[in-house]
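Look for chain A in each of the two complexes below; its partner is chain B in the first and chain C in the second.
What follows is the complex of A and B.
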């Protein structure tokens, strides 16, 4: 199987509401940005994976509206309706299969244009769950409670995650919410759905991201040092929340196992230098760390309180500020990938880590992390 | 500068929306579930003959064993159950059937292995605790849908 690398990346600055550019403008911005970064022209891209969601865009077949903006004329373009990490999986498989040489993967989201509670209410089946009014936040609150009830998780540890990640965002020019917070401020912030408070929740964000993947036969001619895809894993859990143990992210454990095996990692917690994971809510960071197997069940919070996950800690987690600091839905997982690439290239700027040879990027899709995708990337 | 028009042009916002009616088929399994709920006020589940898992709402196929669940493998469950986990919702949006604050619960109905999600109300929400017993409060004019159960409320609990 041909080796595949990320050879170009671009992201917009994420904002609560971008009114001077429409979604096509954002896609054009990151497509040209990723080409410029890679030192490629659009003619050298032989297929495109777009990542979009019809409800967020407010139209059907939303991917077909953006072929102009991502330079897809005359090429095959296919779409993933889900997180960017899954779009990257599709894009990488097209090269691994030998069918294509270079893939542009581009994700956009203008979350501010629709209604978050109504759109995320619509992710639930229309017969059994949707009439109850459940949405992304209330379902996550049930998971947060399950994490407390079954694994003894402590909301003060989650508050520290929020403090850490918003603090890290101060060094990331693309992040939306750089903040100096204290645990007391997070704990005293407005109750949203117990146990979640305002600063436990990620913001509504507009923005886009793009990456260019290329097979090994391409990389020597390009501008950037390639960042290699070393391993990937993915798995999904049932749709109905009641069929799942929300405190046990089994799909993540399975996805991580697949990614570690493919990358040849035998002891991920010592072999992976840093993590960019999908903390849509503060409690998710420690819960996902448990699912990733870097600590025992119930001890994810301790990693934060003991400083292990801080920038430059033994396991740096979300040095970019994470999803808590910018959450363009669908784009956010691809941003985790972009951040891992920037770190491994040593071009992350003010939030550059000293040790960043092997990184993990993680994305989720569906309520409460119903499905997970885990990428291991490295400098060689 | 050629691009000066950009900073001078105010960005317009176009207000729109989509109203899209649907007529969703419920399926025979779901229809039987809702007809029992509507006509008899009973909550039905079905049991996989292979793994013995009891599913509510009932399924055409066992999601674990991926084999069909027979029509004889139906059983009444609940109506009482145990509150597995809950959250008190304090923000409002138009799709919510109750006005906040109200709670959602993952409820283990008696006789089942998997939880259902439903509303929890009709009580002092601050008195909710993991593991308490809850019972459904049924609508009198039931239509054959999830909201035939108005909400679950603590057994023996006081009304708000």
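What follows is the complex of A and C.
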């Protein structure tokens, strides 16, 4: 299998509502940005993966609107509908297959133009689940409650995750919500869906991201130090929430196992230097860390309260501020990848970690992290 | 092209205007179990799943996660791809790359649509830009009517020439037990059917169907063990045209010209009309069965009517097109392109029963959709 690296990245600043650019404009911005970062021209890109979703875009065949903006005309192009980590996966497969040398992967989101409850209600079974009013937030609340009931998780630990990640975001110029918060402020914030409060939830964000993947025969000529894809795994749990143990992210465990094996990691919690994981809600960070096998089930919260996951801690988690600080749906997983790349390149700026040789990026699809994608990336 | 990949199994549902008897998941499950049966595999043999449809037809968001139980993807990798009308061929091409990447040995590719639950035109209209294009672009039929008109004017092609394409595909569908419209029609019936958008009449255009298709892609060493004569993927190519309907050159299908050229180069095909034994082409309306034959390079511009009237594309002709009955007989949109791939694979495997083209060893498949986008696949009995 040919080795593949990320050689160019770009992201927009994430905002609650971008009014001066449409999403094709955002895609153009990150496409040119990633090319510039890599020191490439669009002619050197031989295939393109766009990531879009007809519901969030409010258009059918939504990828049609960005064919021009991402320079896909005349090239082999395809569209993944799902988180950016999954789009990157298809992009990498195309290089691994030997058919292509360079893949541009682009993702955009203007969540501000849609209705989150309606759009995420539409991901549920239409007969039995939708009439209950389930959406991304209310289903997450069920998962948070299951996490408390079955694993003894403590919402104050989650509040600390929010404090930590919004605090980290202060050093990330692309983040939407850099904040100085206290646990008391998080705990006292407005209830959204019990047990989740306002500061347990990620914001609605507009923005875009792009990465350029290249096979090993390409990387020596390019501007940036390549960041290599070392391992990937993905898997899905059942759809019906009642058929899942929401406190046990078993698909994540399986996805991580695949990624660790492919990357040749035998003891991930000591071998991985930092994590960028999909904390759409504060409780997700410790729950996903348990699923990733870096601590025993039920002990994810302790990692935060003991400072293990803080920036520069033994396991730095979400030094960028995470999804809690900017959540452009579909883009957010790709941003996790971009942040891992910036860290490994040592160009993350104010939130640069001292130790960042091997990083993990993670994305989710579906309600309550039904489907997970795990990437291991490294400098070698 | 990368690692060798072959199709080792294909399953499809029985298609109809309204499958009252199943919901979406059950429809998918019907195709998946038939594909597994065809390949003599069980779900445990499947390493990953790729699925697709068009979101707004059923109004289900994140179909990959919603479909896990029907797709047999419990605790498996699953990915969703979608590109409008080309979705079915996009799924097939993704299935190919999944295996070619070396990550997986057997990959299940699923396309489905339950059009009876949709307002098809209402959903399609929203593909165009809300500010600039939507007021003038009113669904799939009018944009195809523009194409047909431009083609007729330039080459003197007639509505009757196009009707001959419908007659061929609908006659073929009689041999396909899964097809939605299994009744042969005459030229007169096509010509006298109700006008929808000049020059497209009711029998010039595809139906909307409920249905699903599932195709199994396997790595080289698995393929030869699973299937006596697997259908090897010789080439795949994709071209998407511009974002704006007003920028399209309606006298040519530029995307198909370009995709076919690339695929033929990869597969080493110089004389497509002579070299291909059979085609499963995504012809959503009759005029495409003329103009797009020229775009592929089966004949020169304006020459397709003669090719079709001479019977060369009929069963028993030198290049049978759409032995399955094609899109004009069955159109479950997200599955339509994948049905073309599966039907072409059946031809290579020699499993097409009454619709078998004797001795078929090289097959061409196309997909059409989006803003005049084209996909091309070449399948063959020989390893590439």
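Just so we're on the same page, the second predicted complex is superposed on the first by the 380 of 380 C-alpha atoms of A that agree within 3 Å, B and C clash if a C-alpha of one lies under 4 Å from a C-alpha of the other, contacts with A are read in each partner's own complex, and residues count from 1 in each chain.
Following the convention adopted for this analysis, a residue touches a chain if its C-beta (ideal position, glycine included) is under 8 Å from a C-beta of that chain, and two chains touch if they have at least 3 such contacts.
Bear in mind that the values here come from a model prediction, so they are computed numbers and not experimental data.
Residue contacts after overlaying the shared chain place A:58 against chain B and chain C alike. Of the two partner chains placed around the shared chain by superposition, chain B is the only one that A:133 touches, whereas chain C remains out of contact. After overlaying the two complexes on the shared chain, residue contacts for A:80 are found with chain C alone; chain B is out of touch.
When the shared chain is aligned, chain B comes close enough to touch A:193, but chain C does not.
Of the two partner chains placed around the shared chain by superposition, chain B is the only one that A:145 touches, whereas chain C remains out of contact.
Once the two complexes are laid over each other on the shared chain, residue contacts for A:19 go to chain B alone; chain C is not touched.
In the superposition on chain A, A:119 makes contact with chain C only, while chain B stays out of contact range.
Contacts of A:241 after superposition on the shared chain: chain B is touched, whereas chain C is not.
Here chain B and chain C are compared by how many residues of chain A each touches, and C touches more. By the touch criterion stated above, A:174 is placed in contact with neither chain B nor chain C. Counting contacts as defined above, chain A residues 58, 126-127, 238, 240 meet chain B in one complex and chain C in the other. Interface of chain A with chain C (complex): residues 1, 24, 53-55, 58-61, 63-69, 72-82, 86, 89-90, 92-94, 96-99, 119-120, 122-127, 232-240, 250-251, 254-255, 365-367, 370-371.
Contact residues on chain B toward chain A in their complex (touch as defined above): 6, 11, 13, 16, 18, 22, 24, 26, 30, 55-57, 63, 84-91, 93-98, 104, 106, 114-119, 130, 145-147.
Partner chain B is touched in their complex by these residues of chain A: 19-20, 58, 115, 117-118, 121, 126-135, 137-138, 141-142, 144-146, 149, 191-196, 238, 240-243, 246. The touching residues of chain C, counted against chain A in their complex, run 1-3, 23, 54-56, 59-69, 73-84, 90, 93-94, 96-98, 100-103, 123-127, 129-130, 237-244, 258, 369-371.
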